[in-house]
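To start, the structure under review is shown below, and the notes come after it.
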Amino acid sequence: MTLTVLYFAWLRERIGEGREEVETDAATPAELVEELRAREERYAVAFQDISALKVAVDQELVGFDAPLAGAKEVAFFPPMTGG
Amino acid sequence: MTLTVLYFAWLRERIGEGREEVETDAATPAELVEELRAREERYAVAFQDISALKVAVDQELVGFDAPLAGAKEVAFFPPMTGG
Amino acid sequence: MDIRVQSEPFQPGALLDAFTAGVSGAGAVVSFTGLVRDVDDALEHMVIEHYPGMTERALTKIAQDAQDRWPLSDVLILHRYGELRAEEPIMMVATASRHRKAAFEAADFLMDYLKSRAPFWKNERVAGEDRWVAATEEDEDALKAWETR
Amino acid sequence: MDIRVQSEPFQPGALLDAFTAGVSGAGAVVSFTGLVRDVDDALEHMVIEHYPGMTERALTKIAQDAQDRWPLSDVLILHRYGELRAEEPIMMVATASRHRKAAFEAADFLMDYLKSRAPFWKNERVAGEDRWVAATEEDEDALKAWETR
């Protein structure tokens, strides 16, 4: 499947872009992170500690083990700091 | 001593005035209430249940057994309902 | 600290903006506005009686207690007396602090003490009859909760 | 329910007055305004990044959760993104209810969830350096407190 993958805040800066299309068979965000890490050094560095990150699938916050089946958009980002 | 005695809200209405000068030797607000009750029927009615009332001496909320020595102003009123 | 007791109407928004402009270094401003509630669509007016002199003292003490308890940049309390109509603002408190929890708690505290410790009494005229608003047990319970906190 | 995500500045007082004018039968209106705090007198600006689309969804869900939990007449959330200067208003929430405790608690709840569940990220430029503001343990703890309440 083709997913739109989004990155925000310092994760966006480390990866060097905010949005990309990714062709993947990953079943979960955790598997998607593994694929990205294997792809290039900058991903390996950015995703070094996923416990410091959050993930949203189709704009809903979920866990890294949530199913990706049918998803269109996955976003990774650090904890929010609004308000 | 001469005290300025003030009444507010429904207590003022039942007594028929909001302010009077009272010559008294009462040692506490409770004793002052006893003197007033003995004075006229309207005071007896108004002060029937002092557990439903509050008292301030010189503009500070106190108990009915607080000392009146040196006081200038005593106010009786129902529980407050501001806000 | 800004304590006002007045019969004149006021605009909560203008008051909030003036308060906010006057605080420096605060990240959080909380306001509470109390409005006259209608009663069965039949409230002709509300009259608020107060105890001039004691009112200002009581409000100043309540604001001082809040400042002693929380790190506040500033505190505002405004309360009207006299005749009011349904939906008019009766009163407002505002607090400013570096921390949002302090601003929230202090505003809540101000309201609880103001309701039961400041000498105001509300009288409602509904369908031609005047009646004094009764204090509630809840209001006293709210104070006890602060004392044990 | 009024949810706004915008880069334009806003005037908290005008927003509070408009919100208050729109609620009927509420005796209590609480507002929270968040201001950009200076950092050692050296904040050049703050930039707020957000996730368009998800932001509006998350804020709508938080407002809905508050309405499910308390009897509210209305809820407002406004949050800015983009570049802001010290002391500018970042965001505001307002709640209206018949009951003051409901209005206070709901506003406090909105702030806690907005801080940790709405996709905003703050970046501060201080003395020429950009740095991302870090989330705090306290913010997560505040959410847990609501879950067990």
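Per-chain numbering from 1; labels A, B, C and D assigned in written order.
The rule is simple: a residue touches a chain if its C-beta (ideal position, glycine included) is under 8 Å from a C-beta of that chain, and two chains touch if they have at least 3 such contacts.
What you see is a predicted model, and the numbers here were worked out from it, not measured in a lab.
Enquirer: Which chain's C-alpha centroid is most distant from that of chain D?
Expert: B
Enquirer: Could you please state the distance in Å, as a whole number, between where the Cα atoms of chain C are centred and where those of chain D are centred?
Expert: Centre separation, chain C to chain D: 23 Å.
Enquirer: Provide the C-alpha centroid distance between chain A and chain B, rounded to the nearest whole angstrom.
Expert: The mean C-alpha positions of chain A and chain B differ by 72 Å.
Enquirer: Return the residues of chain B touching two or more other chains; collapse runs of consecutive numbers into ranges.
Expert: In chain B, 83 touch at least two other chains.
Enquirer: Send over the residues of chain C in touch with two or more other chains.
Expert: Residues 34, 100, 111 of chain C touch two or more partner chains.
Enquirer: With touch defined as at the top, which chains are paired up in contact here?
Expert: According to the stated criterion, the contacting chain pairs are A-D, B-C, C-D.
Enquirer: Residue numbers of chain D touching chain C in their complex, please.
Expert: By the definition above, chain D touches chain C via 11-17, 20, 24-38, 87, 89, 98, 100-101, 103-104, 107-108, 111, 142.
Enquirer: Would you tell me which residues of chain D are touching chain A in their complex?
Expert: Going by the criterion above, the answer is residues 34, 48-51, 53-54, 57-58, 79, 90-91, 111, 114-123, 132-135, 139.
Enquirer: Using the touch definition from the top, list the residues of chain A that touch chain D in their complex.
Expert: Checking each residue of chain A against chain D gives 6, 8-10, 12, 56, 59-61, 75, 77-83.
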